[in-house]
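In the two assemblies presented below, subunit A is common to both, partnered first by subunit B and then by subunit C.
Now for the complex of A and B:
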């Protein structure tokens, strides 16, 4: 398809043979152990971020059937909030320590969870009786409000809303800016930190869902919330708690992203994270946490592989960004309910 | 009864049923005049600040058509087409590429009326292709897969250097092609060119009326939008349209009665894509340049959604009023102040020392307005949107219909009937 497009766009047809040769070369290069290892680690780091971004979304959808369009905006707010706390704690710039980062994560989680609980009680609760489209509409309206508010506040403090917040990026500890030797390849410390952080988050959520009594209620509620209600458990409060939890996780993911130069804290981060989060959640199957983790891994690894290919062998500027949407479209064509999803969920 | 009904000529009955339409069309037709009179009257400054100017009204027309086409599929069949921007973009890019001679078999001098149809057909083919895959899904999944397709196209178009030297910034009409003409095909004297700079001006029409290029464009584009609206209206009032509503209300039952709902949905999606393509083509014809961000980006479909909810989801013309409202607010709070707005008005009419008064912590009144109002129309529209979703789910027109107990057209017809 790409060759056809290039030919259509007027590239000389004679260059077909060298291109094939280049692809042969690239194949050889790609399958060298160091390249493979680097692509793999990059992919894992991306996967960790994707899972972090999508985890809150999938928890909320799984229990309440609400596709939260404001998830990206909440992640963005988390990034700014986390960045602001870090910048204030360090006193105006310079690297910080990992301990301060964990303090920040806890504070951001708490603040956003409280905000999420407020949103659920005041805005989303009145809509449970309406068709699911209305929840999409409401949260979509919420993104408009939150993004614009963020833009007002950010520019009020003299920052450029559309470019990354450099001061927040600068608080990254020196430990994470170095690269670490892992056998034959050297990997950036940040990538390893992201992988570790993502891994711990996934374990924590998994443990919450399977090992605690509240998690049991959440899982039961995902199966059949009316039945849980009938058993005398206040499902409405469970809804609020899970929504708060999901929003809190979004905020934590945002805080992590504020350190990553490829994302960074900016207002457009809202849609930059929303769309991949949707892709991961839908590829995994709406509302299954296991599916989200697997899909995050797949999307992360495919993304890093394709990014390598498009940087080294195929020249089409937009294609790396296109990859994850192609994964979405292909998954929905082949397996409309997602990898682990049930056919009935998410339909009318 | 029957005798009475036939004693009326069908033409009179037809006119009566369309009184509401005629009133609305008359209002839109007289708008440039009303605007001109009001802005030169004693309340001129207020009028400039409050009323959208004619160029904005043109944008309301073509984007309103896009929002109507969005509502046609989303509001009537209940399938939220979140990737509708793909069809708008396809139509817009088709016109610019065709005018630059980059579409195979379409010479750059092809008449614009033909380009409109071709752009619509391109979008229709795209809609059939996307719909054939997407309508195997429903609900949230349908919204997401259409969003996925439109984002694939968005990224593709932003990276495709065939459209222009810098595809991320879009493409514009190059070469010597003058304004795109709208009118009766093949009769030169019945065509007018559109465009803010390239459009025709008309002087001495009927001896007295002179129209600027912007006003000519407004009327020409408005005429196309009316034709498209009536065509969609016709489809919705046909048995086909009834099946669309049946799908929205209860798809399983519609299938049980024996309708092949997949085909109906696909056909409705194709019709909707066709008109979205025409809307995009009008946009490109008027602006003469397109960018991926104001055509293919998913928030363009979000704007259509906004207009539809405020105007009335599931009422065909509602989105046009929704967009009118939307654009008026945006212009009122714009930073540029080209069409007049809140800030230029205050600067002129409020004493400077009031504007410079400190409120809290060194923030002046003017500073507060600039920080919280100007250029931040999205915030207030978003708040309004949330309130509409919560408390006025039927939108402006839908609520009006509920009050009147039927469509506005049938209500006015009844009123006229009663007063005869």
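Now for the complex of A and C:
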């Protein structure tokens, strides 16, 4: 049967043996402990970024039922804003310190959260009583406006909008540009930092949701916001806070991405982050934070595994990105509500 | 029982079978809640066509009627979950129409909705906690579990895993801990086994001993047993009202309003 297929595809039947041999070699190499460990660490780093990018999106959808198509653009603005603050803080270029990075993160979170609150109150709130398509169209329009504004501003300052902002990349501390030895495995300092930062972010969001009264209201509102209102809680104010929080987290994720050469601060970062964020949120189950974390881990680990395979065994580096969309397609067919999804979430 | 609005032949019959309405029993005292000529629509559908009723402090008032005559819509209109287009709803000195739902609830009106509407993914304890004012969560927990000891065993279980009867108890507990002066209770016996209905009735009677209650209920014997007064709603209008002591659940006129 395989021979028949190879013949049909025009491939010489005789070449089947070397391909099998090559895949056999790759399998042996893949299952070596050092390779597995490196793929695992890379996967965790990707997962940390995916979860951070998607966390705000899922919080907003879970509570308010708003699919925020502008989420990627807000992440991109966070990358430029964080990058700009870091570049200014170090006086135009060169590495900064982790302490300044954390100051930058706090400032970006505050500014983006304030911008998010303004967007919710002025643009999103008037549409709550209309069908969801209005919010989708509005946030989609918003992404076009924000991307174009970013393009204009970036060009004004003499930067190439579609290229990564090298000065922002260059502010990465020397510590994070080096490799760190973990036993026999050598991994990049940035990957470890991304894992740690993502872990702390997840813990902080989890603590907010489970240990605070506001978090309790958010979880209850995600199930039945009308009932929350009828308990005497101003659910619209909670909507504003959560929208601000979601946008703030997107900004923080963007600041971290400005240091990662795989992403970098550029205008196309808006769509580059929006698509995986939607994949993670849909695979996890729309609106569930736990689902987003688990889906982020799955997508991150599958992504790093497939990246290794496409780079080392198949030599086709453009395909790994496709695999995360394959995960999306499989999820939508097998379990349309996602891993932890409820039949219905959000609403106003 | 007296006809209230637009009496037809059945209203006239009902008028002659019972005693007085609240106007006789409580003349002189201001009602805690007063609906006057309330009109509510769902889109173009005119659901409440001028409902007027009042509830006085300390009373249990039943709102009875067939399915789809506007009982739940009356409660939703009071809470401003569905905004009436005309009329007046006064609670103490406050006009409720035009206010936001959380303001109405914050003024002291609690809601125990149809089908309970638990937060299924939250634990029992969390369902109680969210219903209480922020600075009274510990007191609320104590009150809820003292009133409903069975719930304490399930404090850390997700509310969605409880049985229908346990969920109804939790819904009542949620209304109880909110520090409300008026509770709007919607079909508490719906979908429950008869032996569970008895416990739910007992719980409502317990709550009603120090809270005013407006009770929507299709189970006529239960409604008459719990309530001091009743209103009959038909086609979006109050067609009769009276004192529950003056009627029985076998009352033909009353049963006529409730039969399909």
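As a convention for this text, the second predicted complex is superposed on the first by the 327 of 348 C-alpha atoms of A that agree within 3 Å, B and C clash if a C-alpha of one lies under 4 Å from a C-alpha of the other, contacts with A are read in each partner's own complex, and residues count from 1 in each chain.
In this text, a contact is a pair of C-beta atoms (placed from the backbone, for glycine too) under 8 Å apart; a residue touches a chain by one contact, two chains touch by 3 or more.
Because the structure is predicted, anything quoted here is derived from the model rather than measured.
Asker: Return first, second, both or neither, reflecting whether A:126 touches subunit B, subunit C, both chains, or no partner chain.
Answerer: first
Asker: Is A:24 touching anything from subunit B or subunit C once the two structures are fitted on A? First, second, both or neither.
Answerer: neither
Asker: Does subunit B (first) or subunit C (second) touch A:231, or do both, or does neither?
Answerer: second
Asker: Have a look and say if subunit B or subunit C is in touch with more residues of subunit A.
Answerer: Higher number of touched subunit A residues: B.
Asker: Tell me which partner A:142 touches in the superposition: subunit B (first), subunit C (second), both or neither.
Answerer: After superposition on chain A, A:142 lies in contact with subunit B alone.
Asker: Of the partners subunit B and subunit C, which touch A:33 in the superposed model: first, second, both, neither?
Answerer: neither
Asker: Counting only touches as set out at the top, which of subunit B and subunit C does A:110 meet: first, second, both, neither?
Answerer: Once the two structures are laid over each other on A, A:110 reaches no partner at all.
Asker: Could you pull out which residues of subunit A sit against subunit B in one structure and against subunit C in the other?
Answerer: none
Asker: Over in the complex, which subunit A residues touch subunit B? Could you list them?
Answerer: Touching subunit B: residues 5, 8-10, 67, 123, 126-127, 130-134, 136-138, 140-145, 147-149, 151-152, 155-156, 271, 275, 278-279, 282, 286, 316-319, 321-322, 325-326, 328-329, 332-333, 336-337, 346-348 of subunit A.
Asker: Using the touch definition from the top, list the residues of subunit A that touch subunit C in their complex.
Answerer: Contact set of subunit A toward subunit C: 213, 216-217, 219-220, 223-224, 226-236, 342.
Asker: Along subunit B, where are the residues that touch subunit A in the complex?
Answerer: So the residues of subunit B touching subunit A come out as 78, 80, 133-134, 136-141, 143-145, 147-149, 151-152, 155-156, 158-162, 167, 251, 298-299, 302, 305-306, 309, 371-372, 376, 378-379, 381-383, 385-386, 389-390, 393.
Asker: Considering the complex alone, what residue numbers of subunit C touch subunit A?
Answerer: Within the complex, subunit C touches subunit A at residues 79, 81, 100-102, 105-106, 111, 113, 117, 119-122, 126, 129-131, 133-134, 137, 174, 178.
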